[in-house]
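Report on the structure given below.
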Amino acid sequence: MKKGRLEAFSDGVIAIIITIMVLELKIPEGGHFENLKPLLSVFLCYILSFINIGIYWNNHHHLLHATEKVTGSILWANMHLLFWLSLMPFVTAWMGENHFAALPVAVYGADLVLCAIAYYILQTLILKEHSKNSPFVKALGKDLKGKISPILYLIGIPFAFVNTWISGILYITVAFIWLIPDKRIERALSEKGNKAVDK
Amino acid sequence: MKKGRLEAFSDGVIAIIITIMVLELKIPEGGHFENLKPLLSVFLCYILSFINIGIYWNNHHHLLHATEKVTGSILWANMHLLFWLSLMPFVTAWMGENHFAALPVAVYGADLVLCAIAYYILQTLILKEHSKNSPFVKALGKDLKGKISPILYLIGIPFAFVNTWISGILYITVAFIWLIPDKRIERALSEKGNKAVDK
Amino acid sequence: MKKGRLEAFSDGVIAIIITIMVLELKIPEGGHFENLKPLLSVFLCYILSFINIGIYWNNHHHLLHATEKVTGSILWANMHLLFWLSLMPFVTAWMGENHFAALPVAVYGADLVLCAIAYYILQTLILKEHSKNSPFVKALGKDLKGKISPILYLIGIPFAFVNTWISGILYITVAFIWLIPDKRIERALSEKGNKAVDK
Amino acid sequence: MKKGRLEAFSDGVIAIIITIMVLELKIPEGGHFENLKPLLSVFLCYILSFINIGIYWNNHHHLLHATEKVTGSILWANMHLLFWLSLMPFVTAWMGENHFAALPVAVYGADLVLCAIAYYILQTLILKEHSKNSPFVKALGKDLKGKISPILYLIGIPFAFVNTWISGILYITVAFIWLIPDKRIERALSEKGNKAVDK
């Protein structure tokens, strides 16, 4: 019951975040093709953020599905995650309207890092409520995706001041890691991890 | 349970999409009849899009009602549908504010086609999870409406550059096909289909 | 189940309608008392519309609570009601920003009439699904409030061009009729009705 | 069932309130650090209001969780609370955009007082429906937090015209009182209370 309302509230906030981003696609004054062109970069940012928020919703959904008990700290860790997610429409529009200028690209990455950290805190708090043998803890496994994502974002931030393409590719790579069906990527990543360990 | 949250999230997003469109009805500065007039085309577009999104919500509701299992690909196919639906406020306002200029009318149709394709993908993925004898598969039948809609939209797009009235009539026709109670139109369409087959 | 999602979707749309109205309270540029003054009329309209939409949500809640079966026509009658409700933010802001000019006050009343009619249609369709002896039909009784409301609104519309105060008082009166606890007002109204019949 | 929809509607409204505040973080035109600076005060206000609304959602959640019966007056007391909460985006943005000028800071405090009063009314109405020995009444205890919060806000309002820092610190203090895990603060406060009584 308690969990149900936490999910419902989070769903509401995430649904609004993902949808109000479209309000930043300002309606162009003319009805010609040239009027659409300046919107291209905002549109591309919108796609990327739509996917990113979709990934967060998806993961949040699985995480809470597995949760049995909602404590006060879980509740506030969830609020903390929603806070950084709520800044996505702002950083998305800022990056898009300034055609991928260095600082906005770095700030976009910074918000992604903060979302990832907030998610990690939430996950850790939920894990603490579960025994090590619970199916949830086992399903999470090594959580390679969760660990690699903030690192790739963090690398992307300083690179924004060198070449924003590198940051862009890093951000998109993280999205792909999460979009590709779990098992294959998990296996690929864990093999790499094993090799690294072998060396 | 999992399905419930997918429905709740989709409901949230669709409810926001259908409602924020009204924000494009910019409040006129004066309180006279002349001040309302320039809003007429935006208002007409709002009505059409309100009905279209209502139809999508209605169909989505029936589709998920029949769904038993939510897989990762169903989840992302649903996100993909929500993405194209989320552009409806933009294309609606662009078409309305430019008083049905050719390109905005074509782009509006293009977004409708993309919504229809996304819906078709979602439906196909859900069908794959059901046996051929399930009541859901039977209820869907030949899905004539679902097949004819994107075709009519597709015809409407190039016609926008010839005469936007033709596109408009085609888009409205599709809305009517879905609004008219199922059985009659299904029968009418299937009779036509049979005649066409007979020839 | 089907009903649950209809309620959830309606809740979502009504929650958004009631909340986005506040966006029309444009943030004044200065931080002084004079900067707030021009917002007064918008604020008063906001209060009235907040109450009106609250009443609709409340009634809608009771109506659907009593509903057993959701048909296709009930679904679309509900959508029709949401459509006219979705125009409330527009007519509210237009009336407020033009400081209760004649036409906006009349248009506000017209939207209220259309909401009331849409609600009446929805109620009638739901009643058709119930037998005359169901507790729901009995609880609804003569539905004096439901019948008197659109009449008072209808009287308010032409009076906007004579004296907007009269329209305003009529609109506020209807809100009060619904806010005052049911039993007393129902009794008072039915006594009046009986007296009128006695004459 | 009735309670469920009241919760769902409140969740929807609160989720929208907390999220549309971000729309007041207007996208700066340039992509440089100087363009972000003027947003700092709006951003700080956003954080404070995000936490405040989070606290209200959290408390509302616990309050309704304990509620057994939803009466007409509870329903309208809830609407009344949502009304004052819905003004938070306005007062937040006004305070932020005017860089903590005296009047906006006072008005922000006034809205917080009105929210606290509305919450107190709602709580009192819900308490009336419960016997004195119910676990809910016992859990609420002396409700020191609930009593001290509006007093601190009320002190903050006149101080805004002396020194807005004092008001700011008072508002932040209240947020901290609610954020710190319940038991410790409750104990600390009740000890103070006891000492005061002893004198």
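The first chain written gets the first letter, and so on, giving A, B, C and D; residue counts start at 1 in each chain.
To be clear about the criterion, contacts are C-beta pairs under 8 Å (C-beta built on N, C-alpha and C of every residue); 3 or more make two chains touch, one makes a residue touch a chain.
Because the structure is a prediction, the values reported are computed rather than measured.
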Item to complete: For copies subunit A and subunit D, work out whether under half or over half of the interface numbers are shared, and give different or same accordingly.
Response: different
Worksheet entry | Farthest-lying chain, centroid of Cα atoms versus that of subunit C | A
Worksheet, complete the sentence: For the pair subunit A and subunit D, the C-alpha centroid-to-centroid distance in angstrom is 29
Practice prompt. Could you give the separation in Å between the centres of subunit A and subunit C, each centre being the mean of its C-alpha atoms?
Written response: 40
Practice prompt. Would you mind listing the residues of subunit B that make contact with two or more other chains?
Written response: 8, 12, 15-16, 20, 23
Discussion item. Quick check on the complex: what are the subunit A residues that touch subunit B?
Written reply: 7-8, 11-12, 14-16, 18-20, 22-23, 25, 27-33, 36, 47, 50-51, 54, 57-58, 61, 65, 179, 181-182
Item to complete: Using the touch definition up top, name the residues of subunit D that touch subunit C in the complex.
Response: 1-2, 5, 8-9, 12-13, 15-17, 20, 23-24, 72-73, 75-76, 79, 82-83, 86-87, 89-90, 93-94, 97-98, 101-104, 107
